[in-house]
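Each in structure tokens, the structures are laid out below.
Both complexes shown next keep subunit A, but they swap its partner, so subunit B is in the first and subunit C is in the second.
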Partner chain A sequence: MTCPLCDILKTCCADPMKFLGDWFVLLPALVLLLAAGAAVVMRNLIHAALCLTLSFIALGIVFIALGAEFVGFVQLLVYVGAVAMVIVFAILLTKPERLTKSGSAFSGLGPAGGAAVGFVALVALLGFIFTSPLAKKPLPAPASAPVAAIGEALMGDYVVALIAIAVLLTAALVGAAVIAMEDKQP
Partner chain B sequence: MTLQILLAISAILFAFGLAAVLSRSNSIMILIGIELMLGAANLNFITFWRFSENPSDLVGILFAIFSIAVAAAEAAVGLAIIILVHRRINSVEADDASNLKG
Partner chain C sequence: MNLIERAPIELLHWFLNLLGSFGVPQWILAIVSAVLIIGTVIGVFLGLFALMSVMERKILARAQNRYGPNRVGFFRWRLCGLFQPVADGIKMITKEDLVPRTADHVVHFLAPVVMLIPALLVLAILPYGRDMVPADLNAGILYFFAVGAGTEVAVFMAGWASNNKYSVLGGMRAIAQMISYEIPLVIAAIIAAMISGSLSLPAIVAAQGGFAWGFVPQWFVLTPWGFVACLLFYIAALAESNRSPFDLPEGESELVAGHLTEYSGFKYAIFFMAEYVGMFAVCGLLVTLFLGGWQAPLPFLVIVPSWCWFFGKVCFVAFTMVWVRATLPRLRIDHMLAFAWKFLLPMSFAAFLSAACWHYAGRGPLAWLLSLAIVGIPYLILGTAFSNRFAVSRRTYQFSE
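This part shows the complex of A and B:
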């Protein structure tokens, strides 16, 4: 005896990538855009940081769905694990409930100006994207980036870049610690 | 799914980040906008790698990894500067840090 729901569940569990098809990428992408939009408009900074974290998680899932598993997990580790936590720390250390003298969460161009510039940039980008001859390119055969190949590339052709990024990260983190340190008055 | 859908998603993400950077008054929100724009750039790298003729080159993957490392360094320095500014002027609003205006 079989029920249709059981069959659907069986196919879904056997090969979720095939069952979901394009939605395996588009669903997390939708979550990504909703969370990013919410992060931009939230007045409460903690809520904005949590929405940003959700959008980072969704972005990592998009990477994994596109076949770049290593980058996806690096995204989850670095952004969700480190960057989001550092942002929450900064919010907690700086008493975000204080608003500007004008009491507004917006400044600079203001909400309308920012939205207008963002919209103009979006229209320009979409215009190029949808008129490009590359635009209709269909999805090629599934690609994969094995971690061993990434490691060999990093230790081979890209070793200079790897060393440079190591120096940059060390200098940036030591510099950040020095900047944020309390001034010791003699 | 075609290339343009993923590029459009990335463009929308970039526009959100740009709007946040230009309109929000809080420095931390400006940093969040920058992170969103960097995420859009990373999504473009991975998308073009996925649609490339020769994905075994791994160029897009490696570029995204380096970009993530630079973004992490940028976030650490940015938040250290925000904490320092907060200690000096007791505010994280970008408009309040106007000592150089004269």
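This part shows the complex of A and C:
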């Protein structure tokens, strides 16, 4: 007779470090779910933004725990360093009375509508993930130098996409500068 | 020579073997080894922080022609006031911890914690000596900046949770400053990574090893692009660690103490500590990227242990930061942001191009001239434009006399 719990306990006692390494990813994943949930239900907008930041951090740690170092670090750098700060700035620069007013188009539907939309999106995503041809492929062996491999892929196969994104970002930057430019009075 | 050089590693191995001979399981040994390494690194940097907090005041005093702290000693011995950090620490711990009634208590409490974590985490990837790097990550530089991003969140949390207009203004300034100066900082670091062909810090140090003609070290700072990138990195590092002349977020003449206004006691001490440890970490990264890391400057000086060179260089860079603080006045906020976007950013792109040309022109004398021209011409153009734009006209007094 074998119960799954006993098996888990046995592997834990045999080699605790390996066990920790294998199961560690559950901890940040749990934090990620809790923080994301808190970001949705929090009344205070700044608290919600901080919870969202925590979920970004947890997602980065999930990536790192799964062995995708590069993606994890980029997640932290871009989402925590830039996106979270932009969200916070946007909240601070908005007038406070606008924050308390609840007059959005979906206010009639309430939380039930939001939950329904979220559920449909989740089912659709899971459906796509499990039916995509990528899910049936076996996992490739991890590269010895992942960052170098990513760099070569970006500069080789995906160079057109990289350049297109660079042009897009430059255009966005110029646009932002134009909007922020002072109007010269004639 | 070899003994002192490898002393920290040998000591660790000796201790682990000793434990192993008592039949301690392997996984406990792994934990003990990790704890010992982490404890040593944090201990060394906290010691440096304590030393720096008194040395900074001493150096500033010397620059301003006064004595500085010279009283606190051990019983009857004054020891030039070297026990000042102990007195400061006791004062900070015993002070009352005031939290404003209207503050957001949870966020106010968490902000110093969030501030300290990234400052300590980034210490993990610095190569302190030959084979002495706690975590040799494949993407070391990326890790440094990714973890460092947490500092911005902490500053915002501190500023907003205090529920004080000076705190919020200081926090907003700090974030604007950090985001603006992060770009030249990262580009300067990327240049070093690009030339050495790796994001891993030990590999970057290895790429700067060896001596040209037997005596000139091949540090990146001794090339035209490397010199410019090193200066850009230094300036941006000053701004990132909120140090003078970029200490606007806590400019006491305008904002009381910025995001630190409502902090007192040990929470303030943690902010202070995190700032200094972060400053040492960024100095360590500068040394690693441009000043050859733990490499000795001359061949016959190799007998000095590599970790002595690393910490010596870090202390030198930290000393120059104090020197700059004693010399330069604080910038105005619009000047500071204009300086980042209109001068440092174009110059970092120029250094980037220059490094690429240096590499593809064969790294010889011709490459030298070419890269010198590519960074020199933009510097002259931007420099003259800036000195005309911000020229300080002579102050005329209308009503006096």
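By definition in this document, the second predicted complex is superposed on the first by the 113 of 186 C-alpha atoms of A that agree within 3 Å, B and C clash if a C-alpha of one lies under 4 Å from a C-alpha of the other, contacts with A are read in each partner's own complex, and residues count from 1 in each chain.
One rule holds for everything that comes next: a residue touches a chain if its C-beta (ideal position, glycine included) is under 8 Å from a C-beta of that chain, and two chains touch if they have at least 3 such contacts.
A quick note: this is a predicted structure, and the numbers were derived from the prediction, not measured.
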item	value
Subunit B versus subunit C as contact partner of A:A36, first or second or both or neither	first
First, second, both or neither for A:V74, with subunit B first and subunit C second	both
Touching partner for A:L59 - first (subunit B), second (subunit C), both, neither	first
Contacts of A:A82 with subunit B and subunit C, given as first, second, both or neither	both
Touched partner set for A:V160, first subunit B, second subunit C, both or neither	neither
Touching partner for A:L92 - first (subunit B), second (subunit C), both, neither	second
Partner with the higher number of touched subunit A residues, subunit C or subunit B	B
Intersection of subunit A interface sets (partners subunit B, subunit C)	70, 74-75, 82, 89, 145
Touch list for subunit B against partner subunit A, complex	1-9, 11-26, 28-29, 31-33, 35-36, 39, 42-43, 46-47, 49-53, 55-56, 58, 60-62, 64-66, 68-77, 79-84, 86-87, 91-96
Subunit C-touching residues of subunit A, taken from the complex the two chains share	15-17, 46-47, 50, 53, 57, 60, 69-70, 72-77, 80-82, 84-85, 88-89, 92, 145-148
Residue numbers on subunit A that touch subunit B, as the complex places them	22, 25-26, 29, 32-33, 36-37, 39-40, 45, 48-49, 52, 55-56, 59, 62-63, 66-68, 70-71, 74-75, 78-79, 82-83, 86-87, 89-91, 93-94, 96, 98-101, 104-111, 113-115, 117-119, 121-122, 125-126, 129-130, 132, 134-140, 143-145, 149-150, 153-154, 158, 161, 165, 168-169, 172-173, 175-177, 179-180, 182
Residue ranges of subunit C touching subunit A (in the complex, touch as defined)	26-27, 30-31, 104, 107, 137-139, 142-143, 145-150, 152-153, 156-157, 160, 168, 172, 175, 179, 182, 198-199
